[in-house]
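By letter and in written order, the chains are A, B, C, D and E; residue numbering begins at 1 in each of them.
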Amino acid sequence: MSEFYTSVDHFALIPALMLALFGCAVLLFDFLVFPEPRQRKWLLVFVALGIGFAGLGLVRQQMFLAAEGLNEFTAFRGALTIDGFSIFFNWIFLAASLIVALVSYRYLEIEGEHHGEYYGLILLANCGMYFLAAGSDLVTLFVGLELMAICFYIMVGFLRFDKRSNEAAIKYLLLGAFSSGFLVYGFSVLYGIAGSTRLGDITAAVASRSPWDPLVFLALATTSVGLLFKISAVPFHMWAPDAYEGAPTTVTAYLSVASKAASFAFLVRIFLGPLISAREVWAPLLSAVAIATLTVGNLAAVTQTNIKRLLAYSSISHAGYILLGLVAGNPTGIKGVAVYLLVYTFMNLGAFLVVVALRREHILGEDLEDLSGLMQKSPVHAILMLIFLLSLAGIPPTAGFLAKYYIFWALIQARQYVLAVIAAAYVAVAIYYYFRIVRSMFISEAVDREPLASSLGLRLALGVTGVLTLAIGIYPQPWLELAQNSVLLR
Amino acid sequence: MNFLELIWLIPLFPLAGAVLMLLIGRRLDPQGPSEVAVAPGIAPEGTPAAPAHHASHHARRSRALISLLCPGTVLISLIFSIGAVAQLASLPERTWQVIKFTWVAGLPFFTQSGAPARFTADWGFLLDPLSSVMILVVTLVGFIIHVYSVGYMGHEGGYYRFFGYMNLFVFFMLMLVLANNYVLMFVGWEGVGLCSYLLIGFYFHKKSAADAGKKAFVVNRIGDAGFILGMLLMFSVFGSVRFLDVNAALSSGRFAAETTGFGVLSAMALLLFLGATGKSAQFPLYVWLPDAMEGPTPVSALIHAATMVTAGVYMVARSHHLFRLTPEASAVVLAIGAFTAILSASIALVQNDIKRVLAYSTVSQLGYMFMACGVGAYWVAIFHLYTHAFFKALLFLGSGSVIHALGGEQDMRRMGGLKDKIPITYWTMVVGALAISGIPGFAGFFSKDEILWQIYSSPQGSRLIYAVALLTAGMTAFYMWRLIFMTFHGAPRMDAHTLAHVHESPRVMTVPLVALAAGSVLAGWIGVPKLWSFLPDSFRLFEHWLAPAVSAAAHVHVAEHAHEAATEWLLMAISVAVALAGIAVARHLYVTRPERAAALRQAAGPLYTVLANKWYVDEIYDFLFVNGLGKGGGSALARFDSRIVDGGVNGAGWITRLTSALSIWWDTWIVDGAVRLTAFLVKAASFPVRLLHTGSVQAYALVIVLGATVVFAWYLMR
Amino acid sequence: MWVDAFFFYLFAAITLTGAVLTITRRNAVHSAMSLILSLIGVAGLFLLQRAEFLFAVQIVLYVGGIMVLFLFVIMLVNLDQAARMRQFSGQWWLALACVLAILAEIVYVLGRGSRVFQFAPPAPPAQGGNVEQVADVLFKQYLVPFELASILLLAAIVGSVIMARKRV
Amino acid sequence: MSEHWLSIVLFTPLAGMLILLLIPSRRTDLIRIWANIAGIAGFLVSLPLLWRFDKNASGFQMVERHEWIPSLGARYIVGIDGISLLLVMLTTLVGAVAILSSWSAIQEKVKQYYAMFLLQQTGMLGVFMALDFFLFFVFWEVTLVPMYFIIGVWGGPRKLYAAIKFFLYTLAGSVLMLLGILTLYFQHFQQFGFYTFEIAELMKLDLPLSLQRWVFWAFFIGFAIKVPMFPFHTWLPDAHVEAPTAGSVILASILLKMGTYGFIRFSLPLLPKAAMDPAIVKALVVLSLIAIIYGALVSLMQQDWKKLVAYSSVSHLGFCTLGIFALNPNGLAGSVIQQINHGISTGMLFLIVGIAYERRHTREIAEYGGLAHVMPKYATVFAFAMLSSAGLPLLNGFIGEFTILQGAFEANRIWAAFAATGVILGAAYLLWLYQRTMLGQITNPKNLRLPDLNWRELATFLPLIAWAIWIGVYPKPYFEVLEKPVTEIVQRVRPEYFRQAPVMASAPLEVLR
Amino acid sequence: MLYPITATHYLVLGAAMLAIGTIGVLARRNIVVILMAIELILNAVNINLIAFSRHLGQVHGQVFAIFVITVAVAEAAVGLGILIALFRNRETVQADEINLLKW
């Protein structure tokens, strides 16, 4: 341990290190050790190991915090901050990565694009996310974001011979790079204001200025463009449906869940960190954006027939709900953001996993019609999908209700009654399109008789997401405590 | 046996019969396919539809049990009633209340005056002179008619059903008259309405019968709504609906007579009277009764002549404490009674359906009873009710016998010359006709004359009303004898086949006729006028029994004017003369000079048409409620009419239909429309939002930049 | 001081001209050349601001590395055909208006900000050579991002390899 | 065991469902038998509630409480008072009847069907038992999904439209209700410093009228859609018409009661000031009166048998809400009794329609006529149901309507007068329906050979008939059970009501003898 | 105003670069040129960073700029890689011809 690398730094870095290490190992072993396609399942073991070790790292961080009686600790001279928040989100990322890796195996085989790099990219993306949640320095955050983004650009375009995948990738990349240009422009201004890139310094510097200070606003506005782009909030959401539709479904699932959660972690770090003193500036902006997001997401989904696209719009609308938690701004709202993302991870993953299972050798499985008669064909899938959809719609006793519940609670607490009513009204609209899917599954007759794709990983993943979606809804206490710890600081 | 303690059993015997019939009656009375009524043109596949007669002959033996059981239950009730009444007579206060349990056991509330009260009604029974008369009438006449029905319905399908309903009716009727409170009375009230509905619609395969049943029920319901509101008002004023409580409160002096104004008591009285007009077929709600003649004749006799329709009179008499305090309301009763009496009598003048004549006659006689109530002579009203029960039941049963003899013919224009063929029927009916016409010595005379006298002498009465009543009496005599003459006298006008089959009814039918005829003669002799001082007081038993019960009117003393005995004699003579005149005219027109009748019909022209069409009341109701613009409207409305109005309820009506149509329209287009509009807008908005996603990545970028521009602009404009 | 001003305006002109030419040239190769011009202008500005290390990085990495990549790709995808087609999208006028508006807004904000911000005359350069300072900061304060950047580049390399390789 | 009795009642159907899921789908008979066993068991376990219930105790009884989500302050609290007791009994009985009635009507996807039914059963019971608002809301929403499927999968031709309409309508309402709940929840936190959903705790709140009014309207939307009150009723006919018979029965008999129950249990006691606000009361009463008359008029017009019965529900529920907002003991008690009555009578009417539909596959009234000739038992049962629905004395409907009218009359005589027209019209449409279907001649050859009720069908009616007679003839136990809770509610909403004469609150019946 | 040169001058220059880059992204159809325009935007950021760095007398801004350049490299590399894959399948690099995914 030296001046550069202390034991605290060690704790802070371990999970990311593990992810990066195993990511590189997967990339390497893919063509060095396991050249045969049949051997690729061993890569999955490496992925699991990487995630497992990263998880152990998180556990150690938690234990360290508990042992020292700390709420947080910083590492690398303030470049990283490990606290309940980062640990909470990192658990979400790890869970999502593991689940996605599990289900991708069979899916990629069907798609005919099964390459070991994919798993490496998952781990590297997760590594980027780690820094999004734990970073407390503009540069760390920026590089972490780009690492995640670049991995996703590649994964979205992973089906190189599929025109739609290409298109999704290039669109995502162009818009992503464009928006991160704005983001980093905003960062440069923040740096200019504070003379430092550490979030803590910036917070102090911004707080010493008027909230309506022009430079602060310049930073706020340009940063918001980048941040809101990543969480696909209206009007910066345009990439999402196209990218979701074109990407391999497993990647869509990953993108819609992990990337979104990481971006929200990032967003919360920025808005409730450096920009907290400009709350009165961004709160109205964000509430307008949230309403627009709810509106566009929900309305556009109503007549959509491609399931992936429909779920893309739905995930846009979910971003709107989560933003509302931030708009409310009170502890409940922040906790709501955490709870919502936790719940959202499992339910949205689950919904996409069913779509993954729909992809078969000769069936694209992306249209609403492909779900027809699912109840007859495969009751388990149908019931699981029902649970996920109910949860997405926010019907108790599924977990989604709890998530929405927190948002409403926070809004009421903040006396934002109008926002609450609007948000409530959109629940009904959402029901309409979710139940179009339910209708196909349970009421329409099947168009094909081919059984759904299945593998051990897929079954396992579906089981886990399904059980969690229900369990969090029925007995949420432990999960809420988890989320509670994540926002202790704020 | 303490019959008084057991009065609650009186209604239960018939109920037991009814329940038995309706549960297992079908087993006792196996029905052939005869009961399946099929519209012409629809062939029942395979099964030959056996004629009703054959099937019923086989069934006759197994029907014996029913024939014994059902009249038997009524007979037991009769015995218990007699026992109870006899024991009641020995009680000094002549009131006996039995409360079995609390039935409606509602919660506390506060009366108008703020006194605490509870919304309760007992399952309780009250025997006093008034109800004792009623139970005797109901059980006695009921028994006789039951016996008659054994013969009359012998050939009909659904025998068990008929008797089940009849017993059920007797149960409800006894509940009505024995109840110790208004709510329980309302049970009977509604129950008899139900039985009436069921029995009118007994031949339910006939659309007209089913229609009539429904009309009766719905029209009655209008009155019932009034009754209910009246009871609620009673609760809110007295805090109780028990007769004894209410009467005690009314006679306690806390309530002043509403002689000048129109107060809460008057409202209560009128609401109750609205109920009475429904049940007792008074104007404007009388229209159901003539249609009710679709039912089997014994039903008409029992329900629509002797008992149920008089419930309104009973109720008003029951509420005499109230009506005495509300002269205005009493005046309304008087006016409605008089108007109904003359209106329906005038209609009866020209009807050709034998039962319809009797039906209108009933309406008219009920009007009489209400007139008596209106002038405060409640015991007289009940007296007339009692005598009327005998002679009108007799007339109905007689007409039933005629119809029976003619194989179902009801039109008097196709009768005639029957008096020798069915002599018992003829002579008993003559007795009935004499009684209703008010010929001295027959029951009707005593009660009707007393009513006329009361109208004349009472301060509430008036000369005009008296004249109306007198005119009605004349008309009554005329149309009743017109009936007798057209049916029994002159040349037979039916076809030969029917004529050949004319036969006197079986013993089981004629015996009741004779019994009722005896009643029609004798019943009046317990209520002879005071004027007839040559008769001992025991001949005025009825008045002595009842008058104290119904005229113990609190503090409002109705002063009876002392009239000259001579006046009374004179009036009596006039009424008898009028009755005789009516009979004479009838004889002149229908026996001696039948051609004059036709000539008169020609001469009276429009008047005759109006009368024959029942003053167009049904048509007016139809116009108001049923047809409305249907006839005048264009083809669109005509289509609407044929679809919606056609075959509709008379009472519920066209306006209702129109409103319903409008409501549905409103539902579909406005209420639902708003919802659908929202749904449509959501969907419609979905496309533009989706169209934003043109697929062009630069457009997406532009949207991002536009968003940023807006954010900046917002900042600058702030 | 006027030398500073002269060079600032000179490099600014080069930068902007290069930038404008980049986005207006029909031929993609010309665009790339113009971009190099612009990047060199920026490098000059770096030099002017005493960022010598960054100047070197700009020239070597950007002009030397990225631009070669661009040119290589331009050759690979054969843009002759593309050069003959319409170059601007249908929304260019809207984009122009929008961007000019946003530029005006930013400049206005900056103008107001400069008053609030009170850009003092530049602080005296810190001790030591520029490269040493950069290294010091980079390896002390920005160690994590630095390592992360290596992973980023690895991912980028892997990604371009996957994307560009032919079907195996 | 005994202290968990309510939970046992609550979860018996759910347990039945879980076991049902283990039976293979193709063994349809076994599934049917098991579902019926579960349904009847659900009823049987609820019977002990009757004698465990102490009608003289105030407040809630058999309360069970467990921590559930401490960080939200949500608990698992179940308990019943007289009002819930009656509705719970209605639910278990009608549930069993409805399951029995589906024996032959449901031929496909049998397992799913019964599973949905049992799940629904637990949801409804939970609604009536929950004493924690969070728990209540969870159960409230749980009932939506099975009903969506019951209508949507086994329904008639327009089932999809009807199902989604039902779902959307009720969901939109309930989400707004959730906002109202949260407002109370937060206000409680502000006043007492801790978060809880417990009804008893929330009752301690003292809120200004203006806030109460907002919350009231939020609740109103949720409950009124469920009831459904007048302008929100249009989902009902569609849902009823398209639902399979048993679905309609459950929908009409129990699901709608959740709305009225909500008004009684939550709107009134939690928001007493708003509930007494003249403007609000007036508005609600006018809506109720409109519903009474309007529902009846529309029923009169219907050509569709089932739709007619559906609209009659609107009218009857109008009585129930009228009784509630008369805001006096009799109005409230009458309303609860009428809710039970409506459950019994309309449940029977829907069963009756279902039997005809099963035999003829049409609901057009014009297709029928003269059925009394071929199906005398059926006609008798129908007559019974019709009369009970029309409020004939000695049957259940009368007691309810009359008591409600008394309550309304006490509050305002004009209201009662308007409501009384509903009594008239009620007889009109029902009798006309009866006439058109049962009476007259058989005009349609298809009706000639319709079989009469079989034993199973008869068995579905018998308990309901018996219950109807019981309420009609001896309603005293019902009033006794209701007296405490109803008085407490009135006391809470209108404390001055009993102050008129303090003696009265505990005056026994005998005082007036 | 034009003289002496302050940080604001650099910032305005940076803004201008940002604007030009944005126009390039929005208006050019050729994806290669769009990628170049994105490079322009990142250079605008660098101009800002250097200006602030100079102004504050630190080198942090310069280090930040190094990272920005790194990211720019990575993005360009991946972007061009994807572009090649796209071109193989679609034979076009015109942004508005790539519109399979829409609505």
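Criterion: a residue touches a chain if its C-beta (ideal position, glycine included) is under 8 Å from a C-beta of that chain, and two chains touch if they have at least 3 such contacts.
All values derive from a computational prediction rather than experimental measurement.
Path length between chain A and chain E in the chain contact graph, taken as the least number of steps between touching chains: 1. By the document's definition of touch, common neighbours of chain C and chain D comprise A, B. A comparison of the B-C and A-C interfaces places the larger number of contacting C-beta pairs at A-C. Averaging the CA coordinates per chain and comparing them to the mean over all protein CA atoms picks out D as nearest. With centres computed as the average of Cα coordinates, no chain lies farther from chain B than C.
If you average the CA atoms of chain B and of chain E, the two centres end up 96 Å from each other. If you average the CA atoms of chain B and of chain D, the two centres end up 36 Å from each other. In whole angstrom, the spacing between the mean C-alpha positions of chain C and chain E is 6.
Mean C-alpha position of chain A lies 43 Å from that of chain D. Residue positions of chain E touching 2 or more other chains: 7, 18, 21-22, 25-27, 29, 34-35, 51, 55-56, 58, 60, 63, 67, 70-71, 74-75, 78, 82-83, 85, 95-96, 98-102. Shown for chain A are the residues in touch with two or more other chains, namely 139, 142-143, 146, 150, 153-154, 157, 160-161, 169-171, 174, 178, 182, 192, 197, 217, 241-242, 432. Here, these are the chain pairs in contact: A-B, A-C, A-D, A-E, B-C, B-D, B-E, C-E. Residues 22, 25-27, 29, 34, 95-96, 98-103 of chain E touch chain B in their complex.
Note for the complex: chain A touches chain D at residues 375, 386, 390, 395-397, 401, 405, 408-409, 412-413, 417, 420-421, 424-425, 427-428, 431-432, 435, 438-439, 442-443, 475-477, 480-481, 484.
Chain B meets chain D in the complex at residues 22, 26, 35-39, 42-45, 99, 101-110, 114-120, 183, 186-187, 189-191, 194, 197, 201, 204-207, 210-211, 213-214, 217-218, 221-222, 224-225, 228-229, 232-233, 235-236, 239-240, 644, 649, 651-652, 656-657, 659-661, 663-664, 667, 671-672, 675. Within the complex formed with chain A, the chain C residues making contact are 106, 109-110, 112-113, 116-117, 139-145, 148-149, 151-152, 154-156, 158-159, 162-163, 167. Of all residues in chain D, those touching chain B in their complex are 165, 169, 231-234, 237, 294, 297-298, 300-301, 328-330, 333-334, 370, 372-374, 376, 380, 387, 392-394, 398-399, 402-403, 405-407, 409-410, 413, 416-417, 420-421, 423-425, 427-428, 431-432, 435, 438-445, 448-449, 473-476, 479-480, 482-483, 486-487, 497, 500-501, 503-505, 507, 509, 511-513.
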